[in-house]
Every structure is written in structure tokens, then in C-alpha cells.
Amino acid sequence: MDVFLQSLISGILLGGVYALIGTGLTLIFGVMRVINFAHGDIQMVGMYLTYLLFVHAGIDPFVSVLITFPLMFLFGGLIQKVFINRVLDALPQNQILLTIGLGLIMSNTAMLIFTSDYKILTTSYSSGSVKLGGISISQPMTISFLITVAVTAALWWFLKKTDTGQAIRATAQDRDAAQLMGINVKRMSIIAFGLGSSLVATAGALIAPTYYIYPQVGAAFTLKAFVITVLGGMGSIVGAALGGIIIGISESMGAAYIGAGWKDVVVFALFLLVLLLKPSGLMGKSNA
Amino acid sequence: MKRTLVTMALALGLSGTAWSQALKIGVINSMSGPEAPIGENLTNGIKLAEEDLKKKGILLQIVWEDDTGKPQIAMSAMEKLATRDGVAGIVGPYTSACANAVSKLAERYKTPLLVPAAAKEEITRQGLKYVFRMNAPADVYAAVLVDAATGLGKPKTIAFMYENTDFGTSTTKTAKEYVAKKGIQVVADEPYPKGAQDYRSTLSVIKSKNPDLVFLVSYVADAILIMRQSKEVGLKPQAFLGGGAGYTTAQFATEKAVSNFVFSCTQWTDDVSWPGAKDFGKRYKAKFGKEPTYHAACAYESMMVMADCAQKAKGDKEQTQAALRAGKWNGIMGDVKFEDYNGFTNQNNHQMLVQQLFDGNYETVFPAKFATRKPTYPFPGWK
Amino acid sequence: MTFSPSTRTGLSAGAALLLLAALAIVPRFVQSPYALHVLILIFLSTIMGQAWNILGGYTGQYSVGHAAYFGVGAYVTVSLMLHRQIAPWVGMWAGAAAVVVVALVIGSICFRLRGPYFVLASIAVTEIMRLVATNLKDLTNGAEGILATEIPPLKFGATVITDFGSKVPFYYIGLGLAVLTILVTWAVTHSKLGYCFQAIREDQDAAHSLGINPTLYKNIALAISAVLTSFAGAFYAIYVGFVDPPTVLGLDLSVQIVLICIIGGIGTIQGPMVGACILVPLSEILRSNAVPELLMKWGWMNGESGIGLFLKENLAHAHVLIYGILVVLVILYMPEGLVGFLRRVTRGRRAA
Amino acid sequence: MAILVIEHVSKFFGGLAANSDVSFSMEEGSIMGLIGPNGAGKTTLFNCITGYYPPSKGVIWFEGRKMNGLQPDKVCKLGMARTWQKVRPLAKMTVLDNVVVGALARTNSLRVAREMAMAQLEVVRLHGKAGFLAGGLPIGERKKLEVARVLATGPKLLLLDEVMGGLNPAESEEIIQLILDIRTRGLTQMVIEHDMKAIMRISDRIVVLNSGEKLAEGSPDEVVNNQDVVDAYLGESHAED
């Protein structure tokens, strides 16, 4: 029973961060229909930024989100404007390769600057936990989960209530129609890519105290982000949040009951199952 | 003087003739790609060796080759070094997969290959005359740790948790065979994919089995994560045994809250009484700004040995091989001699050490003749 | 000057034969095993790229999971050789048979999806195969991989044709397989299959309305592509003598395969060859620090100067970075690959 | 003899009926006009007949054979071929190769297919552009290419979805002549068209759809004089002009 509860709690807490990563990707895909293979690498950039702020300015990783978020927004927007924008109408395989190339550039530049050493942020609360009966709840992961909830809620509010948010949603729904309605689609794409980058970088900052940083750290997260996004329905924020939690729980349960080596098989199998049974994802519209 | 000459020759574009006076030794290492974090330690070790050799008046031309962690690229590198660059010998590759792939080429081209730190046993078990290995292979990792534990208490059960890579699985495989001989029962066998963020569910499964020993094989960062989360879930065996790699790093040691009293085995440590070990640690730290890992030491000593042989052989490959076979060294890795035993060929029967962490400091606790402190056993619990 | 189509075909066939003849006698003049090795890698890349081209280039199904077929081909061939003493040139057909089964299963999953979803599904399926290969230790020896350095000599009756003691037999096998792949591609594109494949690529619904069953033809394309890829895998396994899940089933490999085609020119018969001829030597040059060495050798750079030291230290580390920059530049400025780019340039010149 | 019989065909998307209870039949060798305002369900009916959607209810008979559930490729091989409202050229293939793809529905030999394709290109007078890339053709020629391509599949029944849409009067006239020409070869044709003058000229019978239902059926004269049709469709169409 302890094993079950422990796995469930860890899965949910982990899922929170996954949700944020997925939300970032879903926003980018929704607006541009580009599969961003550099997503994890953008997260890596965010993680190094967090690391620099922690080591050189002594800023707590959770607090540094306030700096990372806007900086990575600019970073993502720039990438969109300079590169992605030029392949929006290109063949999908070219878009994929472009983002793969950009990812290679980011991770290898990081390697030149920081070497390929593992960087570990040790905060006073890195291994802190609260005991609840036989199970323990990680303190830093609980905080990061709460921040995730707050960020997701804020994003949801932004997309529903602000003019820019609504324009982004309109663009995601139908790019051509949005253009006809006078929405500046190019600007929306830049904002969406910027926001997507901010979100995934925030996820990076949030896991920094409990994880570690190295130049290739992004690769695994990119794949995970795809799975989460498709699971929830490409373009759906609520879906991505839900997908993140589901993936978190299935990883954790898979590790406990089938074996840690098989947990990713569980995740990918789940992914294929959803693709086949409900290609639009759990929260996607059926015609999407 | 020689150095000035070389510089002048270079400036004049006469590099070809000048270089030919230097000993050519190839290095194959994972300098980029997923293995790069460890590969970098080897690079640094070899750079330090290059400096030291220069001081001794042995001028090296090292031909660096990056295998990016891929066997077929390692083969490219090997082909190039052996047939185009005409090196006297090669130090590397770092990973077992790459070392395996190039070993038969070394034999074919009669080019001595000194593998510094790859653990897979097969590498020196193929009867290849030109393949040498500095470090102790995977079976020793497990044996030395289990010996230390059985010498200190009476553990009856053991749980394995290891990354499902070549290194992790082959180390654990030999460990399982070894504990079976010692009559210890395996209660959990949990391979995990490296780079996961959450090990809590696996650890709570292990905790529910209540093992006497927990045997862990992980690289640097995972080691810290696993120990942090072990503390979280309250796993408390008689001893944590870290099978090399991640449990022997300075980074791991600094995580005092979770690393205290963890046993680990290593090929090398800077507090051991082997000549030059302490000094190597100091100079390494000064030059690269971090503590050396055993990979760095293995690579350093490998380059020193290879350069020594190559110089005696005046760059001739076959004579270099003969010199490696015949020679005996005593440096920062202790006694080095390449021997044939237990099915191994040209294997340095290296003595591995067991260390325990005390408040951020590694102390050698086993075997007794190298021990610097009495071990604490069983694990007294989390602070 | 203009040629009639048949004259042009005749000319290019002649040029191809000349090239083939030249390649066939290369080992007589080139003794350097390293040079032969690089050529063998080029052949291997050509096979992989051309095989992918049939599905991705001609049929428009952008699989980023071709490592699955490469890996199965490699594993089956090596396992049979090691455990059942079946010679690789026999075992590779068993590998091909296994790959067809795998391909049809993967096809039945992935071909229900289109566009980005197809790409992601192809990645997911291949990742599952990699993870299964890592976990099923009894079948694949798990992460430790399979080492197979002893290759049985190739015999014809009692005569030993080769004992694989040098690069040369591998050179000819690689060349032979590359030629086979190119011939298969040529035959496919000059048959009904090729028309059906391209129609599906251009517009699946329109093709469907013209009497083409897309599911059937996509699966045929996949099967051909997968079998040829499995040959590449088998060849790799025998040549390198070592297989493990990350190298023969990894996402890196799948991406590499696609890259060969895209750099060269997708959906053209020359594309994969051009791509292989560029990418293999390029990565060799960048990887082995040849650039600073040459600069020093030619006296353009002082090895002990600041810049020299910097380049020597970092260029080897930076080769993947340079690779990434090249990929980005090609996608932005030559989206149809080098072959497409050259065609556009020459066409432009002809028009002018 | 009726070549095509539509019996009580309905098609629902979710709760919405795109076609409901449509019935009519076509005589061999005739031309039937299918008209109706935008969203009347004309293209949906085409999609049902040619196998892109299975009808939700009802039966489609072609030459006495039940067609429900057959895939589009099978439908094509049985002798029904369609064009698309929004032309779908195989853009990166040549004009000739586009038609060859159609001809391959009838033969496995490339040589034969090329000959057949060339013949059809001559019918639509595009043989001069056989070597051009289809994606580079102007709209009028794309429409003709589309007709040549379906003709090459050797159909008995052609379903033409707005082949005159977006063309200038001269081009439209060419297509009209083409349709009449095809009739002389004994092929049956169903034509969706917005140009009322054209449809009145070429059709033997006309079916009018409105909101998914059949509103009227008859000769062009009968339809024009049908008050329901005038109210529902022609009125709107005039208002549009």
C-alpha cells in the first residue's frame, strides 16, 4: 500500500512539471503546426540560466523563475523570428530538421561554455521531505507543483481573457481565418514561441533543485513533451496539463509495478494507444 | 630548446619535419555526445600526462580523435590513427562499446591499444595481443565491495539498483554471480534508465523488501538523486554499496546530507599511498578547477605508460607492444603490469579500493593494507 | 544543347556505369584502409539514405523511426551468426523476413496517421523497440550488446573466396549493396509502383480516387524500404562487429538517415548518394581535428598561438555544433537539398 | 437502364444531416446536373457515392452492384471516377505523369499507360504541355488536366465537381464542349455546377438539393419552372449576383 501511495504522490508531483513542458510545446504546435524538436534544448538553456543565477547571484531557483521567464520569452521569440518563421510553409520534415539543428547548436554551445560536466544545484531543501504515515512527500517538488499550478492558471487566464490571448487562440484554431480577421499572425507566432519557451524554461528552473544539468539534458524531455502534448490533444492547454499528470503517474506506477526499465515503454505504448483510438488527444476536438 | 625549434618550424610552415621527431600517440575518447561528461575527465588526465612528459623531455604529438560515443566512429578513428597517422600506440577509447569495436582492428593493424577505463570484461578476454587494459574489469567492482561488506557484518540479503547501460548491467551481472557464491540472497533487481528524475517508486519497492545491502551502479548525477530520494523514502540497509562511477566523485561527496557512510569502490583515489597520487590530485585540481575522477587517473597513467614504451621503441608499433608486455611500472595507479590470468590477456591486475564517505571525505577502508580509517558498519541511519 | 529523354537516360546510364567501373577498381589503387573505411561508410550511408528515400522521398511518409529496421536487421543477422552459426549472407535474409513482419506491424499502427502524427508515432514505435531490446536481455543481451568479431569465411564450395581479413571484401559488399539499393530504387521509380508512391506523396486523397489503394501501396513502400534498411543494418553489424540498443536502434540513427536524404535531395535517386558523399567525409574532417592540422601544415596558423591553441582545443569539441549550423543553413537556403538546389541553378541558367 | 441508383441515402456528421433521404437514378449515357445552394450537400453526396464517406443510411447501386462500404480505389476500378471541387493536381509530377497515374488503374504496363495518357491529353488539348510540372499550370489547364486524368481511369460514370468554377467564359465554353464530347462516347456524367446557364445547356436531367434534401428532379425546363426551386435556390443565386 505504501508503495502504491508513494508512487501515486511522486507521479502527480512529477506530472506537474511535465504538464508545464507539455503546455509550452502545445502552444507552439497549436499556433504554428511545427513540431519543435528543440523544445528540450530550450529547457536546457533555461536550466543553465537558473544555474548561473543561483551560483553567481545567489538567487533561489524558484525565485529565479521571475527572471528566467521574461528572458526566455525573448530568447524564444528571437528564435521564432530568425529561424522558425522562415519554414512555416515548408515541408514538415524540413521543419523538424531545422529544429533538430537548432537543438544541436544550443546543446553544443552549452557544452563549449559550461563543459559537459553535470551541474547540480544543492539548496537547503533539495532533499527535504514531509513524512505522512509511511510515505514521504518531497518538499521542493511540492513547491514546484504549486508554482506549476499557478503558472498554468495564469496562462489559462491570459489566453481566455486578454485580447492577445484570444488572438493566439484564434490563430491556433485556423491560421488563415485569423489572418483574414486582421490578426497579426506573425506576431502571434512570435509570442506563442516566446511563451512556449518561457514555460518549458520555467519547468527547467523548477526541476533544477532536484535534478541536474548538462548540455544534453533536453533530449529526453523533448520526447516526453511530444507524448504529453499528443496525449492531451495538440493545442489544448488543459489537455497538456492532464497529459503531464497522466504521464507522471504512469511512469511512477510503471517503475513500481513493472520495473523502472519498462516505464518508458508504458509511456510510449499509452501514447500510441491514444494516437490510434483518439488521434485528437484526450481533450482535443474530434475534427482537429 | 626542442620546444623553441618546434615553434619556429611551425611558424615557418615546416611542421612536417619537426613533428616527425615527436612521438605520435593516438587518443580515442568520447569528447562530444552523451558520454562526453565522463570523457572529459579522460581528456584532462591525458593533457596532464602530456605536460608531465614534456617536463621529462618526452615530446608527444597526441592525435586526438573523438568517437562521439559511437562504435562505428571509434572504428573510423582507429583506422585513421593506425593506417594514416602512423601512431606508435593508442590510448582509449573510453566506453566499452567503442573499445570492443576497435579491439580487433588494433590486432589487425598491430597497433598497441591501451584501454584506460572501460569496464567490460570481454575487451581483454579475446586473446588479442595488441589490446591492453589499465583498469580493473567489471567483475572486480562487485567482488571488492561484497568482500568488504561480508568482512564487516553478516548481510543475508541484497538489492540491486543499477542503470540499464552496458556498465550497469555487466557490473551487476558479475555481482549477482559473486553474491550467489557468498550465499547472499537477491531480493530486488531493478535496472533503471539513466537520467530519470524520480526514483522514489523503485526505492520504495526496495524498501519494502528490507534488504541488508543495497548495491547501486550509477553515473555521477543519478547517484546524488538516488541517495537524496533514498533518504526521502527512508531506505535504511546495513550498507549502501556504490559500484564505482557516480559514487566516487567529489560532487557526490559534497552532498554530505545524503552521501555520508556510503561505501564505494574505485580504481583510484588521491589519498592512497601510490606514488604521485596525492600530487596528481592537487595539480589536476589546480589546472582544471575540479577533483579528478578515477577515469582521469587511469587515462593519465595509461598515457604515461604508453609514452614510456613508445619512446623505448622509438615509435615502432611492434616494439611498443613488446615493451608494454614486458614492462612494470609503479605510478599513481600503484603497480602496473599487463598479465595473462583467468582468461584475461594483457590485463593489469589492478587492485581496486573500497572507500567510505565521512562527512564529505573519502577514506580508504579496504583492503586493510591501504586503509586510512576504520569503516563504520552498519549504516547508522539518516541525520 | 538539348537531349531527347532517351538519349539523356542513355547518357546518365553510361555515366553511372563509368562511375561503377571506377569504384570497382578503387581497391587496386587505394591501399589505405582508412580511405577504404571512409568509402565503406559512404556506401553504408547511401544504402540507408536510398532505402529511406523510397518511403520518405517517393511516398512522402516521413518516418523518423528507420532505426527500427536497421536494428532488427543487425540483431537478427548477428544473433544467427553467433548462436546458430548461420553465415551473415544467409542470416541477412532472415533479418529481412523479420523486418517485413515488424514493418507491417509498425505500418498498421503508423499509417493510420498523417503528417506530424505519423512522424511522432514512428519515433514512439522505434523507442519502444529500443527499450524492449534493452530490457529483453535473454534475446538481445540487453545494454551490454552483442560482440561478434569472428566472421565465417565466405566459401564457394570448398574454395574460400575471402576470410574478411581486410577491408576489401567489405568494400565490395558495401558497394554491391549500394548498387542493389540504387537499382531497386531505379526499378521502383520506373514502374507502376513509383507512380503510385509519388501520387500518394503528392495527394493521398486524389491518388485514392484514381484507383490507388494508399494503405496497400504505403505498406509496399515501407516493406521495400525496411528490407533495404535491414540490409544496411546487417552489413553494419558484420562490419563493426558490435551491436547494442543505442547505436542500432537509437533516435540519433533515425535522424541521421533522414538527414542524408534531406541534405542530398529528397525524392531523387542521386540525393542519398550526394548526401552520403557530403556528410560522411564532413563529419570525419570535423571530428578528427583535420582543419587546424591543415591550417598549421600550410603555415596559415601557428599551433602555439592563441588562436591556434583555441582551435586545437575546441574544434574537435565543436564539430557537432558546426554540424548543427550546417543543417540549419541547408534547410534555410537549400530546402530541396543539394541536388534540388543544383537543378534549380542549372535550370535557371538554361532559362537565361 | 439505370447505371446509378441512389436509394434513401442519408449522411450525418454528429447530429447534423448533410444529406437526408436522397433518392434518384441515372440513365446510362445521360448527363445529370446536380445543383443547389452552398451547403446543400452536393459534395457530400459525391463523397458518399465515390466511397470517401460511408452513407449513414440508404444504398448506392452502381450497375446493379451495392457500393456501400467500398473504398474509393475500388469504386474507381469499378468504373466511377470523380474530379475535385478544389483541383488536386499531383504538383511535383509532370502533366503526362498525372494522367499516367489515372491510366494505371486500367493497366500495369507503363508503356500502355503512357499511350493512353497521351491520348487523353489530346482529348483535352493539353498534349503540348505533357512535360510541364502539373503544379505550374494555370487554373483553366488544371481543370482540364483533372478531366483528362479521370478519363484515363476508363470510367463509365464521371462525377465532375464544379469543373467550370473559377474559369473565364472562353475556358468554360471549352469545358462545356468537352463534356458534350465525352457524352458522344457513351459515358454517363454527373455534374455539380453553379453556372446555371451552362448546366441548363448540358443536362438531360437535373436534381436539386437543398439543406441536404432532394428538393426537385426533372428536365431543365421542369426544374426552372418549379416554384420551390425558384424560391429556395434561384432566388438566392440571383441575389448573390
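Each chain carries a letter (A, B, C and D) given by its place in the written order, and its residues are counted from 1.
The rule is short, and it goes like this: a contact is a pair of C-beta atoms (placed from the backbone, for glycine too) under 8 Å apart; a residue touches a chain by one contact, two chains touch by 3 or more.
These numbers come from a predicted model, not from an experiment.
K.L.:
Which contact partners do chain C and chain D have in common?
P.N.:
Under the touch definition, chain C and chain D have no mutual neighbours whatsoever.
K.L.:
Averaging the CA atoms per chain, pick out the one whose centre lands closest to the mean of every protein CA shown.
P.N.:
Per-chain C-alpha centroids compared to the overall one single out C.
K.L.:
What is the chain whose Cα centroid lies farthest from the Cα centroid of chain B?
P.N.:
D
K.L.:
Using mean CA coordinates as chain centres, what's the gap between chain B and chain D in Å?
P.N.:
Result: the chain centres lie 74 Å from each other.
K.L.:
Can you check how far apart chain A and chain D are, centre to centre, with Cα atoms defining each centre and the answer in Å?
P.N.:
Comparing mean C-alpha positions, chain D is 48 Å from chain A.
K.L.:
Between chain A and chain C, tell me the centre distance in angstrom, where each centre is the average of that chain's C-alpha atoms.
P.N.:
33
K.L.:
Once you find the CA centre of chain B and the CA centre of chain C, what distance in Å lies between them?
P.N.:
Taking the average C-alpha coordinate of chain B and of chain C, the gap between them is 35 Å.
K.L.:
Can you list every residue of chain A that touches 2 or more other chains, as numbers and ranges?
P.N.:
In chain A, 108, 111, 259, 261, 264 touch at least two other chains.
K.L.:
Going by the touch rule set out above, which residues of chain D reach two or more other chains?
P.N.:
none
K.L.:
If you look at chain B, which of its residues touch at least two other chains?
P.N.:
32-33, 164, 191, 193
K.L.:
Considering every pair of chains, which are in touch?
P.N.:
Chains touch in the following pairs: A-B, A-C, B-C, C-D.
K.L.:
In the complex formed with chain B, which residues of chain A make contact?
P.N.:
Result: residues 2-3, 6-7, 10-11, 14, 17, 108, 111, 115-118, 120, 122, 126-127, 129, 131, 135-136, 138, 207, 210-212, 214-217, 220, 251-253, 255-256, 259-261, 263-264 of chain A touch chain B.
K.L.:
In their shared complex, at which residues does chain D touch chain C?
P.N.:
Within the complex, chain D contacts chain C at residues 50, 52, 71-74, 76-77, 81-82, 84, 88-93, 97, 100-102, 104-105, 108, 110, 113, 149-150, 153.
K.L.:
What residues on chain C touch chain A, complex-wise?
P.N.:
Within the complex, chain C touches chain A at residues 56, 62, 64, 109, 112-113, 115-117, 119-121, 123-125, 127-128, 131-132, 134-135, 251, 255, 258-259, 262, 266, 314, 317-318, 320-321, 323-328, 331-332, 335.
K.L.:
Taking the complex as given, what residues does chain C use to touch chain B?
P.N.:
Against chain B, chain C makes touches at 32-35, 37-38, 41, 131, 134-135, 137, 142-145, 147, 149, 165, 236, 239-242, 244, 247, 284, 287-289, 296-299, 302-304, 316-317, 319-320.
K.L.:
In their complex, what parts of chain B are in touch with chain C?
P.N.:
Of all residues in chain B, those touching chain C are 7, 10-13, 15-16, 31-33, 63-66, 68, 70-73, 75-77, 79-80, 82-84, 97, 100-101, 103-104, 108-109, 120, 122, 126, 164-166, 168-170, 173, 191, 193.
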